[in-house]
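What follows is one structure encoded as structure tokens, with my remarks underneath.
Should a chain be cited, it is by its letter among A, B, C and D, assigned in written order, with residues numbered from 1 in that chain.
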Amino acid sequence: MGYDAVYDKMKDECGVFGIWAVGHSEEAANFTYLGLHALQHRGQESAGIVASDGETLHVHRDMGLVADIFNAEVLAKLKGGAAIGHVRYSTTGASHVKNAQPLAVQYAGGAIAVAHNGNLVNAEALRAELESQGSIFTASTDTEVVVHLLARARPTGAPGTVEHLLGSIRQALGKVSGAYSMLFMTPKAIVGVRDPMGFRPLVLGRLKGNWVLASETTALDLIEADYVREVHPGEIVVIDASGVRSERLFPEQRPATRLGRCVFEHIYFARPDSVLFGRSVYEVRHSFGKQLAKEHSVEADLVVPVPDSGVPAAIGYAEQSGIPFAMGLVRSHYVGRTFIEPQQSIRHFGVKLKLNALRGVLTGKRVVVVDDSVVRGTTSRKIVKMIRAAGATEVHLRISSPPTAWPCYYGIDTPTRQELIASTHTTPEIATYVTADSLGYLSLEGLYAAIGDERTGFCDACFSGEYLIEFPKRPAQTPLRVVGG
Amino acid sequence: MGYDAVYDKMKDECGVFGIWAVGHSEEAANFTYLGLHALQHRGQESAGIVASDGETLHVHRDMGLVADIFNAEVLAKLKGGAAIGHVRYSTTGASHVKNAQPLAVQYAGGAIAVAHNGNLVNAEALRAELESQGSIFTASTDTEVVVHLLARARPTGAPGTVEHLLGSIRQALGKVSGAYSMLFMTPKAIVGVRDPMGFRPLVLGRLKGNWVLASETTALDLIEADYVREVHPGEIVVIDASGVRSERLFPEQRPATRLGRCVFEHIYFARPDSVLFGRSVYEVRHSFGKQLAKEHSVEADLVVPVPDSGVPAAIGYAEQSGIPFAMGLVRSHYVGRTFIEPQQSIRHFGVKLKLNALRGVLTGKRVVVVDDSVVRGTTSRKIVKMIRAAGATEVHLRISSPPTAWPCYYGIDTPTRQELIASTHTTPEIATYVTADSLGYLSLEGLYAAIGDERTGFCDACFSGEYLIEFPKRPAQTPLRVVGG
Amino acid sequence: MGYDAVYDKMKDECGVFGIWAVGHSEEAANFTYLGLHALQHRGQESAGIVASDGETLHVHRDMGLVADIFNAEVLAKLKGGAAIGHVRYSTTGASHVKNAQPLAVQYAGGAIAVAHNGNLVNAEALRAELESQGSIFTASTDTEVVVHLLARARPTGAPGTVEHLLGSIRQALGKVSGAYSMLFMTPKAIVGVRDPMGFRPLVLGRLKGNWVLASETTALDLIEADYVREVHPGEIVVIDASGVRSERLFPEQRPATRLGRCVFEHIYFARPDSVLFGRSVYEVRHSFGKQLAKEHSVEADLVVPVPDSGVPAAIGYAEQSGIPFAMGLVRSHYVGRTFIEPQQSIRHFGVKLKLNALRGVLTGKRVVVVDDSVVRGTTSRKIVKMIRAAGATEVHLRISSPPTAWPCYYGIDTPTRQELIASTHTTPEIATYVTADSLGYLSLEGLYAAIGDERTGFCDACFSGEYLIEFPKRPAQTPLRVVGG
Amino acid sequence: MGYDAVYDKMKDECGVFGIWAVGHSEEAANFTYLGLHALQHRGQESAGIVASDGETLHVHRDMGLVADIFNAEVLAKLKGGAAIGHVRYSTTGASHVKNAQPLAVQYAGGAIAVAHNGNLVNAEALRAELESQGSIFTASTDTEVVVHLLARARPTGAPGTVEHLLGSIRQALGKVSGAYSMLFMTPKAIVGVRDPMGFRPLVLGRLKGNWVLASETTALDLIEADYVREVHPGEIVVIDASGVRSERLFPEQRPATRLGRCVFEHIYFARPDSVLFGRSVYEVRHSFGKQLAKEHSVEADLVVPVPDSGVPAAIGYAEQSGIPFAMGLVRSHYVGRTFIEPQQSIRHFGVKLKLNALRGVLTGKRVVVVDDSVVRGTTSRKIVKMIRAAGATEVHLRISSPPTAWPCYYGIDTPTRQELIASTHTTPEIATYVTADSLGYLSLEGLYAAIGDERTGFCDACFSGEYLIEFPKRPAQTPLRVVGG
């Protein structure tokens, strides 16, 4: 649903942020607001903040951008020294405020809020089982499944204690399968968890004496917090009045040797100013471009990125190849959510609303265009044509990742396999479709060479089809029969 | 919470409406919209409609008035031949859209929507028990308790069948105690239920071949449906493709001989054009006035109602006493939700925004003022003073109900016992407080004489303190620790 | 345009309010807000307030109801000790915020704001003349004409002085013909003017040491100001730092002996709690009813008003005739601006959304229905049918005014002559059309007998066709060619 | 007012767009909507469209972004084959919808709409003169002055003819002094005018048989119109049913030899994909960077632009110097209008909300930062510090324009002279203030060398203080005494 068909881009599912500033600041919600602003690229559909004043969880969630949802009046109601927040991707129609996060509910253990980045592959099965045990569902997110499991856990320890909370979380997450970086908050503690394979990112930061958890380091930068380290795959981090401490999520399991960190975060999702999985995203993308130039060199006059995501790789390609770099495509930053087009026009304005080609720069030039990925190929085709219409004599498309041939089940919104052009077409066929003079994808080996890390630390199922966690082949999906909210 | 402190009026909790027009009309939501409009006086905080297209429930709920929440675009999305709706009272601060109704959830039995008018006295206990069994709660309404009980029921019959649905409803309602007139809707049926003592009203109507359920007959009038009959206390009415049929809610129980129909509906809540518990509300109020004149006659020049609710009783009083009737108070119909007052003023404008006294009518007159009830006495005091300031030489306050001395636990929002002036003051003391020359309340006997019915058919706990259903004396109330939404 | 075709009611054009509280209160805008609230019945389309802080005029105008347009934040920006405000009628489509009042402009004399209740019969001609002299027009109100005339006046006295201001007003109004009660405000003074024949009402009040001007006394009542007197026809009232003083608008003219006070204000427009042209509106309407009973008696069981405007006359009719009074029609107070109706319905819900007949009261009864006026007859027909459908055996329609047979050109919005049923049909024909068993209108003589005043003091052109000011027979109307704003 | 103090950027005043598609398309408003979207960078405060259906002008104007103001419903009301539109800059407080453009009024010549980009230096004097002749003013824009002059013109030809219209425009513009690119539209024609010195840009395009006028060519690109040519300084272009034709605005004057095209459009305002004054903006900026490298070389490791405006010059600098180019600062595209910051923080988040420095890229590097201009220096200082905090060992600031030392009076919003850091500080002093290791501005000679054109064709008063049109030294400014709308 979240896949952006207009611009043919895959969509990350979410971003999370949490801060424990109890005793230092009563403005946890304000810091969370800033943190979510820095994570806005990870989801533009809805956002929410839950703040704790030590007794009560104060909730505000709505559809829209962070800067539109929250104002001084709303933030003033979100009292307390601790808060977690969430941004969610933009879908086209079936989006409702009831799916916004963090979820906040009351159960036998007290009040709890949950913010989730990821996707559970066995959510449908768990949901059916929970329903058969008498659970009711109001939203269509898999996060609701986790909350139900939490409420049905029977851990040791008294309700309200951290022991009980951690026990509940372990019992709940012990039943789920998939990708998750999650924040939990009770009136007394914040808990951050990353699944054992570490699909989605999660980092720990420090702002003076306060602790911060966030999907990306860019959120730390904005509030001027220091980056401490990644939350490790399979780690559980507890922050409360007694400070911060780390435990293994499933102490009885052996730590995973094969990790599943999402390599696509490096390619497209993460902001270039983030440090992801221990590496600068910008630097990694820059290396992709250099490697791409080595693998697919071509004689040309200009290297042009598809802005903004293609810029670092294009700079790398230009450096490696010695071909001059130029911003031959300009991007508009005022694209509205819904755009009216002349009915009489036979042309689709979609991509043109966002990108324009610079005739003065491109005319008479042989152009290497660098983009991060090709999903269905529709937008690439428009971009190639736009560049040629602006006067380019040759257009060579270079992609800073391997062919995207397999859908993701771990938190990224992709079209079905049939719609992924690389799953049904060879590279020369794709070149023909997008009307490029040549087309070159970065190789899988080149990808890891550029990252400078082992492939065993990453999930690259979207390129390789090697899925690290099994998922239902064709899930007997119960259609959700309650729509709207 | 819903008690209107500005105008010192008790508040009804809600109104419900449902229509089954499958096969006849695909505009069930439009009819429900009109029905809710006619029931708007029963709740102005929020409203919602759930429509069924036979497969899916389509939901829209929001804060505000019916005419503001729904427009052509929204109604067009609420597709189908069956729909239920709900209006909810206005509270001052803690109102959130997540408390709006109808609730619509998915559970093992499929999708279901619930609209509830009433109050469950054991909701807190049930909630605690459900939480201990692993249920989670997102809102603060007792309706959520009913839905959880429904989901945990284990009736006979296959999920999705009416047998299973009715079994679930019976098991769920078998555990609750209190007042409820409820509508349930699945994709395949609408079910109306009234509690065994029949506290809150519910009527059955017919619009050509279609069946309608509503809190009051005024909703039938608007859509030009015929009034068929009341849904009986303890009755369950099922409407589906096979027509309408009636069953007893708890067949194994003996029908209640002592009923608890809310006598305050006749006094204030219901619209005067409704037929309530088989009697015209206007006629009943008119009789209250006549009886009141018999019990508390006084020499005077004018009988003046407090509009609008005091009008029929004042007409009756005037007729019985022979004193001329006059609209000596005029009511504004443009009172906004929030009203700005000059800070420098020492006076409170509250009542003046709504009522004004007619100097030309009242000057030099001995005035009988007729109102329906006195709660804290604050507004009565202002009205008496306003009439005297307009030139009346005497002001005699007549109340068309007995002294309100006990809080309601069955669906009406009242202040605490301490705030009810009649629980702590004698009638002469109240007369002094409200600065009236005399004060007369209708007697309890006179009330039933005027209705022309047996007291054993009604709940009058607010006057008598005779509560028909036990409620927790001082419930060990778990504070809700999730606020907002 | 403002004529309410849904409910077949003529529409008053506007209400005005002004307060000079300089030195006493810096909350002039707040008092104006309350005053406009009390005048809301005179116009629901748009509203505005202009406040003066002694140097600058602060403006806020918008579409909608007073309580929706103004909030604490907006009112806080309307600083100063003096303010004027305006409410404007509701039209169906061509309403734009640029037509909202008060107008506030800057010209050679400084800043000035104008609020106007009335209609200028020579506005089109003046507009054409002004355009030919180089004036530009942005709105479609005749008030803009007055402002242009003001700016082109060449009075004695220095710009910014009261002498200059009054001279400008006199020169400007000397050119216009028609009905006007107007408020002007500069940073230093408020001026109230009423045309020489006094068509539209305007009263002077006092709130402690402050002076208030308002269309009706109900606005004085709400802010607890004392009613001082009417502003006289042809009077100009100046309020500034030196106090209040009165002058004749056109000292060189002899005072008008024939006045044109709008008799329809007494019949329908004014609020019943107002004192209008020196008489209580309620009392006058009550007398209309008594007179009507004398003129058109009938044997019947009940006298029923069409609420709310028909209530005082119905009470008078009942008293005079001895027939019991009953509120056999109930009015809804939640009618929204736009209402969605089921498409499949062949019936028009219009009137039903607002009125419902009480079957329990009306069944088997011979009913006298009292309404204030009949315009096209469409709504009367629906009401008569509604009452008969509720079980009445006879329905006798009584109208507390003479037949409305002529359009108004002095500030009231009426349909064209052809649409006025009384201009083309006899009373028996109208009775047949509205399906009443009998129909009786109050006679013109009876009208004045009931008021207890001379006909020469009033305009009754809508009944008599005797127009007191000539107007263009068929104005060569230049179509406004700028729509929207 | 429009100067962006948060980000220390000067602001262009407006953008205009017009299309004549009569006979070809009835969707002129839709095309205008797209055109304004492409010009959104020229003004984000308010926008408006006026469409002509041949008889009537249909207007819609509001505060906000183009994509928020217009939707399908609004555009459907803007009927006709011709339309003009306008976007206006963002001010901080005193912005009101009444200042939004296009203005649309009715005068003796009929209906006319005007959209203006520029600034009239004698507007205050003209306004005073017009007021003394009886004109009234409702807004605070100098465009209103032009409309009044137009309405007071006395040209030959019958009202409504093109002859009359052109005569009126010539008489009106003959009195104004300053910078203007203006569009006029009557129901029958669109007229585009550019002042004799050509300060602000205006281009002519063709979309199949239809003619288009726009501030920048990027608006032509979006609707896929062809760029025909610039409207010449002192040219008047008339588009109507008889096609397009060009005349000289003031035929009796000799064409200006000294032109005043705004050189700052090339430096910052125009979009890089536009062709401005006959040259590619991107190419010009790229040349600025090369020239800057020649004038102010330095030993360094990286060239980093301040995105987005500094990018082309930085690429040029990198190419010329051989120092690698890197996107070491990343820009957020989700900055909301109002942003809440933690109160307890002592730091100002302003720039950080928009820009973040990439530690991984910058650490240990000697960095050349390229920006387009320095106004007050406050943001430059923050950027230099941010880069150093990210680990840069040296920060060398390079500005692709000369020191901005003089305010603009021709349509650009600048701070006062005192606030322009370059008017009171030497370059070394500015370097010290912004904490840069070195600072280099492009020289004025270098600027024109890079453009490749004569200085006599441009206005560079902001750098040189050589103002081409006299303006009042200290205008006796009448304070506007009507605030709000």
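Going forward, a residue touches a chain if its C-beta (ideal position, glycine included) is under 8 Å from a C-beta of that chain, and two chains touch if they have at least 3 such contacts.
Note that the structure is predicted; figures quoted are calculated from it, not measured.
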Hop count on the shortest chain-contact route linking chain A and chain D comes to 1
At what distance in angstrom does the C-alpha mean of chain C lie from that of chain B?
37
I'd like the Å distance between the centres of chain A and chain B, where a centre is the mean of that chain's Cα atoms.
48
Hey, how far is the Cα centre of chain B from the one of chain D, in Å?
60
Per-residue multi-chain contacts in chain B, two or more chains
none
A full list of chain pairs that touch reads A-B, A-D, B-C, C-D
List of chain A residues in touch with chain D within their complex:
25, 27, 30-31, 33-34, 37-38, 40-41, 44, 65-68, 70-72, 75, 218, 221-222, 224, 271-273, 275, 279-283, 286, 311-312, 315, 319, 324-327, 330, 332-344, 347, 349, 352-353, 356-361
Using the touch definition up top, name the residues of chain B that touch chain A in the complex.
55-61, 77-78, 97, 103-108, 110-111, 113, 131-138, 147-148, 151-153, 187, 479-485
